[in-house]
Amino acid sequence: MKNTFGNNLCLTLFGESHGEYIGGVLDGLAPGIAIDDDYIRSQLCLRRPAGKISTARQEADEYRIVSGVFEGKTTGTPLTILIPNTAQHSKDYSATRALARPGHADYTAYEKYHGYEDYRGGGHFSGRVTAALVAAGAIVLSALKQKGIVIGTHIASCGGIEDSNFENLSAEIAALNTKNFAVIDDDKGAEMRAQIEAAAADGDSVGGVLQTAILGVPAGVGEPWFDTVEGVLSHALFSIPAIKGVQFGDAFAMVNGRGSDYNDSYYISDEEIKTATNHNGGVNGGITNGMPILFSCAVKPTPSIFKAQNTVDIFNKTDAVLELKGRHDPAIIHRARVVVDSVAALAIADLLVTRFGTDWLRLPLVKGAVDNVD
Amino acid sequence: MKNTFGNNLCLTLFGESHGEYIGGVLDGLAPGIAIDDDYIRSQLCLRRPAGKISTARQEADEYRIVSGVFEGKTTGTPLTILIPNTAQHSKDYSATRALARPGHADYTAYEKYHGYEDYRGGGHFSGRVTAALVAAGAIVLSALKQKGIVIGTHIASCGGIEDSNFENLSAEIAALNTKNFAVIDDDKGAEMRAQIEAAAADGDSVGGVLQTAILGVPAGVGEPWFDTVEGVLSHALFSIPAIKGVQFGDAFAMVNGRGSDYNDSYYISDEEIKTATNHNGGVNGGITNGMPILFSCAVKPTPSIFKAQNTVDIFNKTDAVLELKGRHDPAIIHRARVVVDSVAALAIADLLVTRFGTDWLRLPLVKGAVDNVD
Amino acid sequence: MKNTFGNNLCLTLFGESHGEYIGGVLDGLAPGIAIDDDYIRSQLCLRRPAGKISTARQEADEYRIVSGVFEGKTTGTPLTILIPNTAQHSKDYSATRALARPGHADYTAYEKYHGYEDYRGGGHFSGRVTAALVAAGAIVLSALKQKGIVIGTHIASCGGIEDSNFENLSAEIAALNTKNFAVIDDDKGAEMRAQIEAAAADGDSVGGVLQTAILGVPAGVGEPWFDTVEGVLSHALFSIPAIKGVQFGDAFAMVNGRGSDYNDSYYISDEEIKTATNHNGGVNGGITNGMPILFSCAVKPTPSIFKAQNTVDIFNKTDAVLELKGRHDPAIIHRARVVVDSVAALAIADLLVTRFGTDWLRLPLVKGAVDNVD
Amino acid sequence: MKNTFGNNLCLTLFGESHGEYIGGVLDGLAPGIAIDDDYIRSQLCLRRPAGKISTARQEADEYRIVSGVFEGKTTGTPLTILIPNTAQHSKDYSATRALARPGHADYTAYEKYHGYEDYRGGGHFSGRVTAALVAAGAIVLSALKQKGIVIGTHIASCGGIEDSNFENLSAEIAALNTKNFAVIDDDKGAEMRAQIEAAAADGDSVGGVLQTAILGVPAGVGEPWFDTVEGVLSHALFSIPAIKGVQFGDAFAMVNGRGSDYNDSYYISDEEIKTATNHNGGVNGGITNGMPILFSCAVKPTPSIFKAQNTVDIFNKTDAVLELKGRHDPAIIHRARVVVDSVAALAIADLLVTRFGTDWLRLPLVKGAVDNVD
């Protein structure tokens, strides 16, 4: 369904970098979910560029919810978020329009849209559109939290520096979700920032890996074929610009080991079934097993760099050299983190609503609530 | 849509390991596509276990197409494939039913289906269901080939041994697609097989990485958000049992480099736009750029091992020890290869049909055909 | 999604009149629903032709469920029904192939499938495919009945003769569901049969109106735009061959009255909200109001008649005259009745499962059950 | 998919009567379609109330397109339309909130949304939302027109008065599409208006039948089961408030005739296949036959009347009497006409794009264009 995602909780994204608004329509939300504007703002703030390691473009991200909310709560009808674009530069994009930026969508957009695309600032492909994802995700994240489901992401590596591993998930997620630069070990974070600044100084950029945990999802969610938890999450995650790989649990590490190293053995704890390890990232056979859902996203180095690059003139089909100017992020991984959380929230909420019904997100969390609706 | 995949070319999978049939319904195929039974059989043969490195269960895989084909060609109405299950062991699965096999879907199925699931041999979760994927995929693969699109996969690593990299894609894919053990470098293949046999001798298993290339897809296919090429392919690929990670191009390698290392610069070759490198795997901004689509799948070590494993009795909620007996694969990566090709064919064909219309798969390939429909 | 219907409970239909099997895959059913083979058989029996007023083609309709059922209950994984075609005549359809039967899909199929369609006996367009709808519908109907939801249809008019109106819905539905010729007033039924026989004697055919009631659906099901109850039901109902009109409540009668005649006023009865009349057929604003859902389908006269008809040779594009021979129904309305019930069951169950979650169909009906899951 | 319609050309509707905006997101449009603002405005004007026979609420309907259009043409990315609500009365809806208006969605919304719905002026159920349908439809209608496809609707009956039948479709449609009160015979139109005014004088309302023709759709569009032309069109049409019945061709008239009366015989005209009559409304077996697509919608009398009506207090569950005040339409059929055209355009364009590919709507119409893309 093109720019719409979800079977029962659906988000439709729209907007271009230099259009009037970017935004989204979120349909299938239960009625009665409280809108926490402070939280939405704080999430948008985490996505916004800040300091030397980000682009100088600053947007207030003053979102407005223009439908689907009444007296501070969701109505259950489509919820529309608008975020005005206020900081577009008026520079003449047409001058460099013909030169496709390597690693960007300029050329592919041209092939798809035959030159009718809004090319200014990346148009509909701009990372700016993720602000709408974050605003919509914030609403879903706060609804999930009421149900005991929390999501958090850390920068597992950036510029070759690795963060500590998750050890105490609940506490670490709580801490990460308030940090601008989301690492477990702030010393490693400082090293990463130094790498980003070094790349920026070279007119270059860096990438990294984001690792995400989702806690509190009951066992038994997902489908055996096609709509597996991994399939649904990855489908949504690959929308995030610069994400080129998604692994669940220890996927790319497991490939070099043996089954006996990586089968997560079961045991009983407090009458609940747990796994002793979680190499499979909380999913077996496409379905949740009640353990934390763990996945990692490979974020490629930002393609906007200031070094001269070989490219082509897409209209005249001639070779050319491109030297970008203007405002660009030397890294987006620290900003992409909250986008990952938002997308994960949307995808997992869709699976939960499919399983437990439209109203589930609104229902009070009581001991055994999941069993009740069974 | 649960066990159905695709927007315009849709596959619905059904069946259990020990039921009467496994199979699939393929809807949205153009009419007039010739059915090549030899090719379908040869593809099924590549999936079938063979020799010491596979399970001893042997199935003839005598598929029947019971709808949607008339006088040897597709009719354009739903095409149904049935594959009878003939080699089920009559052993009493109920004896070990309560003990969830680690790394398998036994426990998650129980949570989802409340004990009503057909637990024999993995039921609907069985890798056996992939035979239907392969048969359906073979039909699509041969249609794509008529359009100049070919797909091939090699075992990039297995048991810690790495194959050579792709260098000459067309020739290597042609060779790979006839091999039972799909490696570019057969010496490396021999080492991998030795690793598999060593694991088997230990009652253990190994995994690996499959790398796939899709050649001939025109630029401009895919959507910017959600239905990105990466999102649609990964959604489908994660259905394949044991696949836990998917990366496009050099994703997990790129994370440690800089933008200047990995931006694929453009140049003109024979009046066509090409990239000098292909770290992005043929996709920018979710849309094909006309270069080969490259992706890799992490295949975890087969969870069925003969070593004693800690587990639980899911009914009585007590700790237990499981010792598997019977027929199991010490590796499935060599068999999963053709499943990956099949799933990739289905997903990419769906994107092409969405873009170019229902009949596109049947149309003759002529120079500029893609432009014609533009 | 072409030959698939449903968002959360999905049916995919396949098969051709003269192929090996017709059938369907039903996905999204709750696990644990008991399969009542006697009921499925009795429903198929109601669809089968009988006596002078139907075609002479007789099929045993010996369905087989080849996946998704284990130990007599649904597993929750895709349930596949196969019905073999056993009574195809071996006559040479190719002789008359070129002559499009008026009122049939021969010509439109040719335009869509370019001549690759299986033209024998109507192919995929054959009413025979409705046997799969009925078998799938029977499974859903018996699940709905466990939840207190019953569906019944009467032949409201046929050949110009009108049946009595519904008055005592529960009792009348119970009686109708056991009748081969479903009328409330059997005397009127006898007159209708006389009309059918008279038409048959003339080599002609008749049509009529089927009126359906669905009892027991709770208020609050459906969506305000697009996935309205009316929209979802009609979408599915128009699949039934010969149905060309669908109205809810008294639609085509209401057009000549005034609001004050047809607004269904509310009142309280036993602490429940009811409407005094039900001109709106149990749906307001696309959403159920808890009253019986009432709709009527216009069934056109069967297009297969024995009179000479003007037509064309679709290959040579010349005028021609067609004289049909063989076995044809002078009326299908009495057979279509059970198809309507089946399709209605599928559509309404999909809406319920979307609202209340996957497992709802299996849950025991208890007083206030709907509130429980709220 | 709830408030979204379409498989390949999708519209998502949002907004409430008294919210900030109503609007829609249209995704899947080909790039390069010219936006004709004059035409959009004129279509919105046809929907707007006018004179004595409509509500006194007047809205400027000053739509804004905030994404998906660049330099006056569609970009191919999601196109978002916003229409501000400017004329809401500030009256205290809460006073009468508890009293469900008969024939309206107040009570069903309450059951679905548990009291969280925006109840002011009908909220998301308001006919006001159809302004967004009309704006989106206008864009599609003008694109279809470039392809030779035109749509027109007349008030076939209203208040018991019948318009003339279609005779010369092209000319009549051209005339109808400029009329505020769309009848073929303006004398009959005057009689209808008199009926509406008489009802208004009584504090009452009237309904009627709208008949629509779609010209220029090639043969071979639609699916045999489920996504039939009738199914897809009716699914969308039933979203329009007050539409309770949809028939294709002469459905509810055919039920009383014989096959020989209503089979549309074929003949050759100018080497094209035509039908001599069009009782089937241009669709056989769910697929277009190239003749005009004809359908009729039953529009019930507007439920908002000024007469005292019995109803209930939905909170206290007590009987009550309701006397509506304020602005209401004594008939909406003349305003609904352009909504029907808009919805029909969206549904038929979706079927065409599914068949012929994303770009079809933009392609120049040339003789044999349909064959070209085959």
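Labels A, B, C and D are assigned to the chains in the order they are written; within every chain, residues are numbered from 1.
Here is the rule we go by: contacts are C-beta pairs under 8 Å (C-beta built on N, C-alpha and C of every residue); 3 or more make two chains touch, one makes a residue touch a chain.
Predicted model, so just to flag it, every value in this text is computed and none were measured.
**Student:** Which of the two pairs, A-D or A-B, is linked by more C-beta contacts?
**Tutor:** A-B
**Student:** Relative to chain C, which chain's C-alpha centre is the most remote?
**Tutor:** A
**Student:** Centroid of chain A to centroid of chain D, CA atoms only: how many Å?
**Tutor:** Measuring from centre to centre gives 38 Å for this pair.
**Student:** Please compute the C-alpha centroid of chain A, do the same for chain C, then give the distance between them in whole Å.
**Tutor:** The computed centroid separation for chain A versus chain C comes out at 44 Å.
**Student:** Report the inter-centroid distance (CA atoms only) between chain A and chain B in whole Å.
**Tutor:** The separation of the two C-alpha centroids amounts to 26 Å.
**Student:** Multi-chain contacts only, two chains or more: what residues does chain C have there?
**Tutor:** 1-4, 7-8, 13, 77, 112, 114, 124, 224, 359, 374
**Student:** Under the touch definition given earlier, write down the residues of chain C that touch chain D in their complex.
**Tutor:** Touch residues, chain C against chain D: 1-5, 7, 13, 100, 102-105, 107-109, 111-112, 114, 124-125, 129, 157, 159-160, 199, 202, 204-209, 218-228, 230-232, 234-239, 241, 243-252, 254-268, 271, 273, 275-276, 279-281, 283-290, 298-305, 307, 309-312, 314, 317-319, 374.
**Student:** Which chain D residues qualify as touching chain B in the complex?
**Tutor:** Touching chain B: residues 7-8, 77, 224, 354-360, 363, 372-374 of chain D.
**Student:** Can you name the residues of chain A that touch chain D in the complex?
**Tutor:** 1-4, 7-8, 10, 12-16, 19-23, 25, 27-28, 31-32, 64, 66-68, 70, 73-80, 82, 112-114, 116-118, 123-124, 359, 362
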